[in-house]
Structures are given as C-alpha cells and as structure tokens.
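Structures given as structure tokens follow.
Next come two complexes, and both contain chain A; in the first it sits with chain B, in the second with chain C.
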Partner chain A sequence: MRHALTLRIGPATFRIGSAWRAPLAQIAHLYAAYPRVEGAIADFTVRLQPTNMLRRWVRPSIFITGDHGLADAAPMSLAHGLLAAEMGMNLQMALGWRRHLLLHASSVEKDGRALVMTGESGSGKSTLAALLGERGWRLMGDEFALLDLECGAILPFPRLVSLKNGAIDVVADAVGEARMGPLLRATAKGDIRHMIPRDGAVSRMDEGATPRLLLFPRFGHRAEERAVGQGEVFMRLTQASTNYVAAGEAGFRALTRFVADVPARAVDFSSGDEAIAMVERLWDERA
Partner chain B sequence: MQQGFGTVDAQKTYRRDPADRVTPCTLEDLTLLYHHASGQTHMVISPVPELLACMADGVAMTAGDLHDCLARDYDLGPRDAAEAEIAAHLDALASLGLVRPA
Partner chain C sequence: MSAALLVEVLRHPAGAARLNAVGWNGLLAAAKAERLTGALAFRLEGQPVPGAAGPVLADARADAAREAQQALWEADRAAAALHGSGVRPVLLKGAAYVAARLAAGQGRFIGDLDILVPRDALDDVEARLMAAGWEWAKPDPYDDAYYRRWMHELPPMIHAERDRMIDVHHTILPLTARPTPDAAALIADAVDIGGGLSVLSPEDRVVHAVAHLLADGDLQGGLRNLWDIHCLLADVDPARLEARAVRHGLLAHVRQARRLAAGLYGAGSRLTPWDRIIVARFLARDGWGRETRKALVFAFYLRSHWLRMPPLMLARHLWTKWRKGHRPA
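Moving on to the complex of A and B:
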C-alpha cells in the first residue's frame, strides 16, 4: 500500500495500509504514544483501499479489508478514514484473535483488580470506562477485554476510546481537547470522536489484572441495580465473545471460571456521575 | 408436556459412549456441558445431570432402568409419567449427541 504504519496495541500488532495519506496521519498522531514497530511481523493487516480505481480521487470511497474482511461491508467516505482504520482493527481482532477469549467489553483496573463492563453499543460501557480512567482507575480498554485462557486474568487492549453522540462532550470536558481526535459527523453510528487514553493506560498495556467485578451497564434508565444469575451471565458473555466457539475447551474453562469467580450486577443509570457513584459503591462493597 | 409421551418405547436402550465425553460445570442451578467431539456447549437443568450421572459407566439403560436409578435418591411421583418423561429426555439427549441408542 502507498502509505503504511505498524503499531502495537496490547498483545496485538497491526499493519495499517492506506491508499490515502490523511487517515494514516490521523492514526499516527492519535497513536503517538503507542509502540511503532515498523518491520515487525504483524498479527493483522488492515487495508483502506478505494472501492475502485477512480474512487481514489473522485468522491473518495473507502473499502475496509485486510486478513479478515466482510464481503458486504459498506464503503465509507474518506472524511471517515480514521473511523475506517479503527473499524478495520476491531474487525481483525473480532474475527482473527485466538490467543485469548475476546469479550466485547470495556475494562478498568484499580489495585491490580479489574472491573469489566459489557453491553450493547450505546450501553455506556465506553463512556463509563473513559470517565473512570480519569478518576483514579487505569483504562484497560473500551471495546475488547482479553481473558487469559490459562490464568484467568483480564489483559488490556487500550486502543483509542470511541465515543458517540451525547458521550462526546461529556468525555471531552473531562479530558480536554488535546486528547480528543477529530469530530466525525454523521457516520453510520451518528457522530463519533476518539479519545486518546492517558499515558499510564498505554505504558502499562502489558499488565493484566485479576477480574473482580462484572457489570452490565445500561444508560438511559432510572438508577437501579440488580444481581445477575450465573446462567444469565454465562449466556450473555458467550454472546459478547467473538471467539468463544473457536477457543474450544480452553474457552469453556476460562469463561466458566470467570463466571463462577466474578460477581455480576446489572446497573441502570441516567448520567455519568450517577453511574460512577454506583460503580464506586459496588466496588467498595466488594473490598 | 404429557402429550406425545405415549409413543415412547419403554424398551429402547441408550448409553453414553466415551466418544460423547463432556466436561461439566455447575453454575448455581444449571449445568453446562462442554461436548468435546462437537465443541458445543449445552446448558441443562435437572434432571438431565442426574440422568447422565446414572449412565456414567456406559451401560445401556432403558427409561425404566433410569427410573429405578433415580428413584433411589428422588421422589419421582407416579411411575408411568416419570418414565415417559425420562424417555423423552433420552430422546432429546440422543438428538444432541450426548447419549446414543444402544
């Protein structure tokens, strides 16, 4: 590819190639604190290429592909090139990672123990992880939590935090403009803006943590909390894992251990402050 | 649930084969069974774990044999209804590949 860079996020190395310079310049800027490992053998290749030759110049239209691709992925506008690269990295992880059980969850750490939060897009798990990361917790990741198949630890995958719509201003106010990426308007998921994790999240991205609490956050509801039975937790986590089936017996053992060991709560909330107060209280109750 | 049980063949035998080995894990009131041959995870509740435990040694058993095994530890109620229910479970377990007709 005409433009390329190789960087490491947690245990995964990505080589990102692009027919255009702009998306990679944005990636290089936002991932400046991450190890650049040019020449390394990458776990995954992400390619941003024109949907056809003309579309490199005329109303440029990006097709995301790489080692793993989706045949029916909709092309994206070049203005959303950064998002295309991020989605490309997520796609490679979701479809190709085998070394850990991949949970579609955010995670933060305190005192060597991890809080894992899982939920659908819009549940508030990214926003909550981002805000906690500014309040004494270490952000481990907003999209994927990696569950070690042997020791049961949660390992970080602290890529840029992807914030949508109403969450953008809440987090931008908390972290400041310098750590925010460009505003990407009117994407398929609405407005999106990326946040650069704090230095510690990146410099300590090889440090795992023992999971201590699992939350199922749900934004947009009256504050409420309930225990979640282990059967339901197991079912929801298999749904939240992109590679549970591929991980085979090792995945079964790791996930059942996680479910048996880690207490789970569903938390509804209507604002970030409310959610943080609930999280801190639940965490302290477990102390 | 009682409908359809009448067609069950009480003499039909089933057994657990080493090839159908599962790794069980109990989570509160349900049991997960990881089926090695298929890589599938089955989520079951009582009386399935108890039925499979009775069949652990691989000997072929009828619904009646299993009724006798379970009746040692549990109050199963009227025999006919319980046997019919056990037979239906055996049929379902066979279709999942967890037991096989002997």
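Moving on to the complex of A and C:
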C-alpha cells in the first residue's frame, strides 16, 4: 500500500497499510516511544483502504480491514483516520489473537499484582485505568487484558488510551496536553481523544503481573459496592472475551483458574475521585 | 504477486528459507486471505522458519485442530439427529476430509457442515434436523423458495445452541446448471466411515471438488479449492477418475482441474489459454492480501451466474435481488 508502518504493542506486531498519509503520520507521532520494528514479520496486517476508488480522493472514506475484517464494517471519514487505525488493530486482536485469553478489560499493576477492570463501553474502565496510571500504578492497557493460558498472569497491551466525551477533559487535565492526541469530533461513539501512556507503561510492556482483584466498574451511579459470585463472574468474562470459544479447553481452564483465584467486586461511582478512593480502599483490604 | 508466492511455497516448502521479511508478510497475508494458513503451516512443518513467523503458523495449526474437532462434533450431532431414519448422511468437503483423515484435511479451514442425502429423503431429514435444534438461517421467502426449487441444497440451517451452519445437499450442482451429476451413484458408492456417517468414494470426492470449483461459483477461494483437489488426486486412479467424470458429465472440468492442479501445485502441465485466464483469476492477490485484477474478478462473478441459470431466469433473479437491495460486493 502507499503508506505503511509496523508497530509492536505488547506481544503483537501490526503491519498497517494506508491509502492516505495522515492516519499513519498521527500513529507514528503518538506511538513514537514504542519499539521501532519497521520491516519486521508481523502477526497481523491492517489495511485502511478507500471504500471504493472514487472515495480515495472525493470525500475520502476509509474501509477498515486486514487479515481479519467485517464485511459490513461502517466506513469512516478520513478526519477520523487515527481512530480507524486503532480500530483496525483492535479488530485483528479481537478476531485473530490466539496466544492468550483476550478479556475486554483495562488493567493496571502495582507491586507485581494486577487490577483488572471490565465493563461495557462507557463503564469508565478506560478512564479509571488512565487516572490510576497517573497515581502510582502502571497502566497495562485500557482495552484488552491478556490472560496467559499457562501461568495465569495478566499481560499488558498498552496501546493508546481511548477517551470519550466527558472523560477527555478529566484525563487531559491530569496528564497535560503533550500526551494527548488530536480531538476527533462526532465519531460513531461521540468525541474521542487518545492519550499516550506514561514511559513506564511502554518500556515495561512485556512484563506481566499476577491478577489480584477484578472490578466491574459502572460510572454514573451513586457510590456503591457489592460482591459478585463466581458463576456470574465467569459468565460475564466469557461475554467479555472475544476468543473464549477459539481458545477451547485451554481457555476454559485459564478462565476457571482466574475466577477461582481472583476476588471480584462491582463498584458504582459518580466521579473519578470517588472511584479512585473506592479502588484504593478495596485494593488495600486485599493486601 | 503474493498469491503466486503462496502457491510456490505450498509446492516447494523448502523455498521458504529464501524469503525475507517482506516475502513472509506477503506470504502470510495471502495465505490468510485465501484461507490457506493452516495448510501452509502443515506444509512448513519441519522447515526452518524465522522466529516471528513461527507463532503465526502455530496459531494456524491450533485453529485448524479446533475446527477439525468442531466439525467432527457437528457431523456426529447430524448423524445422531438422523439416527433411525434409514439415511446415512454423506459428509462433503472439509468435514469429510478430516473425518476420513485425508491429506486434504490437514490444516483445512472448515466453515459449515455439508452433508449429502437422497433427494426423496429431504423432507424427513429436514424435519429431523429441525427437531434436533437446527433452524432456518434465511428468513426471506424468495431465497427460501429459490433454494427449494433450483438449488442442489436446502436453504442453510443454523443450530440454535451451537451457532453452526449445516447445508443439506441432494446433489452437487444447482439443478439449473448444465451438467447433471448422478446423485444416486454418489450415494450408492459412498464409503462407510463408522459413527453413522460416510464419505464419497475417492473419485467422487475429486469430481465434487471440481464441480464446486469449475462448474459453479466465481472462483472466490479458488486456490484453497484447487489445493483440496491437488491433495485428493493423490488417492485416485486416473482411469477410474475419467470413467467416473464421464458418468457425472464433468469430464472436461475434471481434466481442466488436473491440468490446473499440476500446473500450480504439482510437476507442471501444458495449460490452455482458458486455463491461463483461470490461473490469472486464482493469483489475483497482492502482498497486502488485497484482491487485484478487479475487472477479471468481476467477470468471473458474472460468469458464476451465467453457469447457474439460463439467461432469462438469471435476468429475473438479478432484478428481484436488486429490488431487495442486494448489490455485488
């Protein structure tokens, strides 16, 4: 393809090709601190291509695909090209990654132990992970937590943190403009802005951690906390995993062990500060 | 062209040792796009491969093993649903290759479960599958009526709990196609493999794969289907294959498939101009896994409809589908 770059995030290497320069220039800028692996053999190919020949030039429109793709993926405006590249990488992971059990969850680490947070889009898991990452925790990832099928560790996948709508200003205030990407207005999920993880998150991205606490955060409710039974945890994590079926028996064993070993809590909160206080308290109670 | 590289490595795996990273990326992208990663991984077993390519190939082998297990389970469930009906379903394509432990099954991507049953047993088979949890996947009445009147299979069904599709065939080409294979002979000569299941005879396996590749469809996934044929040809006697092809009215197609398989995956062969056009269609894939030669690909798409039905019927069908909002991909 006309423009290309190769990027490694945690254990996965992506070769991204694009019909346009801009999306990859933004990716190169925001991922500048990540390992340079140009010319490497990639695990996945991502393609940002015009939805048809005309749409390369006239009202450019991106079709996101690659080794794995969805025939009915919605076309995206070139103005959202950075988001398209990120979605292209997520798509490959979600549909093609086999070496770990993939949990749709954020994760942060402290003292070699991992806190895993899972929930729907809008639950606050990304924002919470981003904020904790600025307060003494190491950000491991805001989108996917990789559960090792053999040893049960959580491995990082620290791509750019994707922040939406109200979360954008909260995090931008905490981390400063230099680590924020461009504001992408009016995407399918509202306004989106990406945040570059701290140096440690990137330099230690091959370093796993033992999972120690699982949270189901829910933003927008009165502060409350409740225990979650193992059966419910198991079912919710199978739903939060894109490759649970593909992982077969190994996936079942890894998830069973995770659910048996890691205590789980559902936490409702109405602000970032409230959430952080709850998380720190729950973490210390488990110490 | 990356598809050409994929063919080259499938034919001669030791050649992979000479590839640089650009070559490997193109090879893997083409193999994924053609759904040949599993077959490639098996072909490359024992060959030295670069460190970064090893895990990708290992993933493909694991995927293939899981798909084989799933396919065998679906076949077993179908056999259980039809137990006592007097119908012994004949497994077709991927599930058959895996169940019969054929070379063509090694690393093969397996999508739906395809079975062949006698046409006069269709109503009973359909009722028994529905009772066992399969349901219609295409609710559109036009599609349903179209399948039942003109196709070689029932409308696809999907299992409500396992989310897996089954295609119930009563012959191997649409009823509207010009050749008319002898479906009764296919079933009469099928080979029992135990578990209430059978597979086509070695010669009929080739004839079916050839019919699917060259007398039906638009050659989408053609490299994979031709790889099947290349592997299946190793198990047949050429004279018996010819006789069988005559019986099914597919001799010219079988001969062409043998030339193409030998030309691409085997020791080479003398290709006709028409063979070369098909090869050009097969190899329309670049180093990013993109389809190239758009005009040629579209021409084969048009041809697939031409093969399936007479012109007036085709016009009516396309008009109906267009009104329903269908557009060629």
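By our rule, the second predicted complex is superposed on the first by the 287 of 287 C-alpha atoms of A that agree within 3 Å, B and C clash if a C-alpha of one lies under 4 Å from a C-alpha of the other, contacts with A are read in each partner's own complex, and residues count from 1 in each chain.
Operating definition for what follows: contacts are C-beta pairs under 8 Å (C-beta built on N, C-alpha and C of every residue); 3 or more make two chains touch, one makes a residue touch a chain.
It should be emphasised that the depicted structure is a prediction, and the values quoted were computed from it without experimental measurement.
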For A:138 in the superposed arrangement: first (chain B), second (chain C), both or neither? neither
Now for A:98: first (chain B), second (chain C), both, or neither, which partner does it touch? second
Check the residue A:260 against both partner chains and state whether it touches chain B (first), chain C (second), both, or neither. first
After the superposition on A, what does A:248 contact: first (chain B), second (chain C), both or neither? both
Touching A:235 in the superposition: chain B (first), chain C (second), both, neither? first
Which touches a greater number of chain A residues, chain B or chain C? C
Would you check which partner chain A:17 touches, where first means chain B only, second means chain C only, and both and neither mean what they say? second
Once the two structures are superposed, pull the chain A residues common to the chain B and chain C interfaces. 248
Using the touch definition from the top, list the residues of chain A that touch chain C in their complex. 1, 13, 15, 17, 39-43, 45, 47, 49, 66-68, 71, 96, 98-99, 246, 248
Touching residues (chain side chain A, partner chain B) in the complex: 229-231, 234-235, 238, 245, 248-249, 252-253, 256, 259-260
Residues of chain C defined as touching chain A within the complex: 21-22, 24-25, 28-29, 32-33, 50, 52-53, 55-56, 59, 62-63, 66, 69, 288-290, 329
Would you mind writing out the residues of chain B in touch with chain A in their complex? 23, 25, 27-30, 32, 34, 36, 39, 41, 43
